[in-house]
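Chain IDs A, B, C, D, E and F follow the sequence of writing; residue 1 opens each chain.
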Amino acid sequence: MKLSFIKPVYAHCDLPCGVYDPVQARVEAQSVHEIMKKYAGLEHEEDRWRAVMIKEDRCELVKHHLWVLWTDYFKPEHLEKFPDLHDKVWKTTKQAGACKKTVDPAEGQKLLDMIDDIAAVFAETKKA
Amino acid sequence: MKLSFIKPVYAHCDLPCGVYDPVQARVEAQSVHEIMKKYAGLEHEEDRWRAVMIKEDRCELVKHHLWVLWTDYFKPEHLEKFPDLHDKVWKTTKQAGACKKTVDPAEGQKLLDMIDDIAAVFAETKKA
Amino acid sequence: MKLSFIKPVYAHCDLPCGVYDPVQARVEAQSVHEIMKKYAGLEHEEDRWRAVMIKEDRCELVKHHLWVLWTDYFKPEHLEKFPDLHDKVWKTTKQAGACKKTVDPAEGQKLLDMIDDIAAVFAETKKA
Amino acid sequence: MKLSFIKPVYAHCDLPCGVYDPVQARVEAQSVHEIMKKYAGLEHEEDRWRAVMIKEDRCELVKHHLWVLWTDYFKPEHLEKFPDLHDKVWKTTKQAGACKKTVDPAEGQKLLDMIDDIAAVFAETKKA
Amino acid sequence: MKLSFIKPVYAHCDLPCGVYDPVQARVEAQSVHEIMKKYAGLEHEEDRWRAVMIKEDRCELVKHHLWVLWTDYFKPEHLEKFPDLHDKVWKTTKQAGACKKTVDPAEGQKLLDMIDDIAAVFAETKKA
Amino acid sequence: MKLSFIKPVYAHCDLPCGVYDPVQARVEAQSVHEIMKKYAGLEHEEDRWRAVMIKEDRCELVKHHLWVLWTDYFKPEHLEKFPDLHDKVWKTTKQAGACKKTVDPAEGQKLLDMIDDIAAVFAETKKA
């Protein structure tokens, strides 16, 4: 019986698949943004309750996809090249949390822009 | 108190966001395919157990994303235009189930091709 | 190492257990229906929020159980014998989605009737 | 604003739907039993891994459904009439846990029998 | 192939880790209590919806952690020494359900006290 | 209707409860460590499969609890005082991922030590 079956030194991912894509976080953030844009036009309170409830879940999924990208995809050499990467991801996940508490579409747009910024870093690392 | 707050006749989605993207199923299917391609090269049995376990979850996610697309996005007018849509989605979700039971990369590739086929229908409906 | 360990051609289920029962979807749909019947009598808004929230989850479970039945249990020979099966399941899952958006008990009853209709097909296939 | 919107004294359920059915636990336990019966005949190790993995999840679902029944459905007057109810549920959930650790079909059958015993108590309380 | 790979007689836990801690239930119950204390001061209805929604999830987690402790940690010899343990756990999980239906901080405090009471029994069993 | 119902500027948590505790990550990490210590002594392969499977889930929970702490609890002023906090959390979540791939108890101990290091920072911020 071997003790360490894959060398656990900054493994680039938890499973050996290597498939990551910031689009997963972006699709959920688009839902958040669309819900916000439609919120003001919802007449019935039951519709607004559902909008807030569904937005809550979508924001959580944005966070989850960004956390996975941060921990599982990004490696020490990426950090060296993009020293503000930690802070970018941190603030974007905080923005996803902030979007749970507001229905202002400007905040949803800000979340999308911040994800696009991380996606740009991701694209750079894929080129290398 | 109103009884029916959004008219429940073939509502095009469960929430009012309208954001759907077959890419969600595709990303998971890519993971499935990559795991299959690496499986034969995994030396330790613990690695193979984990591969089978993670593949199981990814296949389930493929199914889930396709089911949501089928029930929540596609509308009666799409069915009229693409009468084999039900069958396409059904067979693709069955293929996702089949990929749980094999590590043959050809089956993973087949799953990707079937998803691409649904994505092509999706793209057609978006143009309209 | 074998590549394909269970032949992945329209496998009748994902696991080798073969246990399926439309009652799983029905129990959840009964909850949806009961919540709708009690909704009008709920005095406090916190109770109505919870009712809408819990109904949302139960509707999602109805969909999930029907999707599993559709993909994992039903086989090509069932489709041949019941050519409208795809459409039945599709419309029933859409009705489960519609029930998220209404508190009209008539819509919940319609969902129960549609599930009973699928259960009747299921019972037929079990006889064969 | 009212503080307590439903009186929280041994509320008979968490939501006002009142729908409970031991069949939910039983369907999952049947899966467990079927997997056990087929286990000895599974030739490939990947199939056995999946069987153990799926059985694990099904056992957990049995526990969950029994816990919900115990906490949410059963009331103090049921306990008075069936003083060994706590012990019955406790031992049955323990048996569901035990079934994670074995592939002996006799243990799966024992789980089914214990659930049937709880279902009999449930049926008695429904008559009253 | 062996049929019973760990003897399934009141196994003290489902996995061989043996790690249990009532603090898991307590942390969630503290959240429930804090939400209740802040509820009266929430000005906007969207904040109150979210508070009720998040409280619902936290109460469910309290139940889950207590159920796991009850089924997986406690053994027959503990029951002999603490014959009211079943009833204590039952009433505490019922109180967690009751906290879903109220925003009265006194009910949240009662939940915390009941968890502390179980934690005291737990501590006793650890000493032995 | 107000657009922004809680000001979304680095909100200190997603819900207004304010309850965080690194003990949640630690309890799961202890499970991981205990499983690793017992792994070598597990005779039957079914037991080893279950150990790897359960360890996988526990590692994921460690990551989740640390991510929540990082995004929801820690604030810009904490970062100023502990400039290596991002890196600490990042490496600890990577170590939790690494523990999925090994059964070496030393790696589990390292995970516990890294969590204790974050808990020490957490304790410092609570004092302030």
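The rule is short, and it goes like this: a residue touches a chain if its C-beta (ideal position, glycine included) is under 8 Å from a C-beta of that chain, and two chains touch if they have at least 3 such contacts.
Note that the structure is a prediction, hence the values are computed from the model and not measured.
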Lowest number of touching-chain links that must be crossed from chain A to chain E: 1
Chain pair equivalent in interface to C-E, over half of contacts matched, among E-F, A-E or A-B: A-E
Most remote chain, CA-based centroid, reference being chain E: B
Copies chain A and chain B touch via same or different residues, half shared test: same
Centroid distance [mean C-alpha coordinates] between chain E and chain B, Å: 37
Distance between the centres, which are taken as Cα means, of chain D and chain C, whole angstrom: 21
Touching two or more other chains - residues of chain A: 5-6, 46-47, 49-50, 53, 100-101, 103
Touching pairs - complete list by chain label: A-B, A-C, A-E, A-F, B-C, B-D, B-F, C-D, C-E, D-E, D-F, E-F
Chain D partner contacts - residues on chain E that touch it in the complex: 1, 3-6, 8-11, 13-14, 39-40, 63, 67, 70-72, 86-87, 90, 93-95, 97-104, 107
Residue ranges of chain C in contact with chain E within the complex: 46-47, 49-50, 53
Of chain B, residues touching chain D in the complex: 48-49, 52-53, 56, 100-101, 103
Touching residues (chain side chain C, partner chain D) in the complex: 2, 5-6, 15-19, 21, 23-24, 27, 30-31, 34-35, 38, 42, 44, 46-47, 50-51, 54, 58
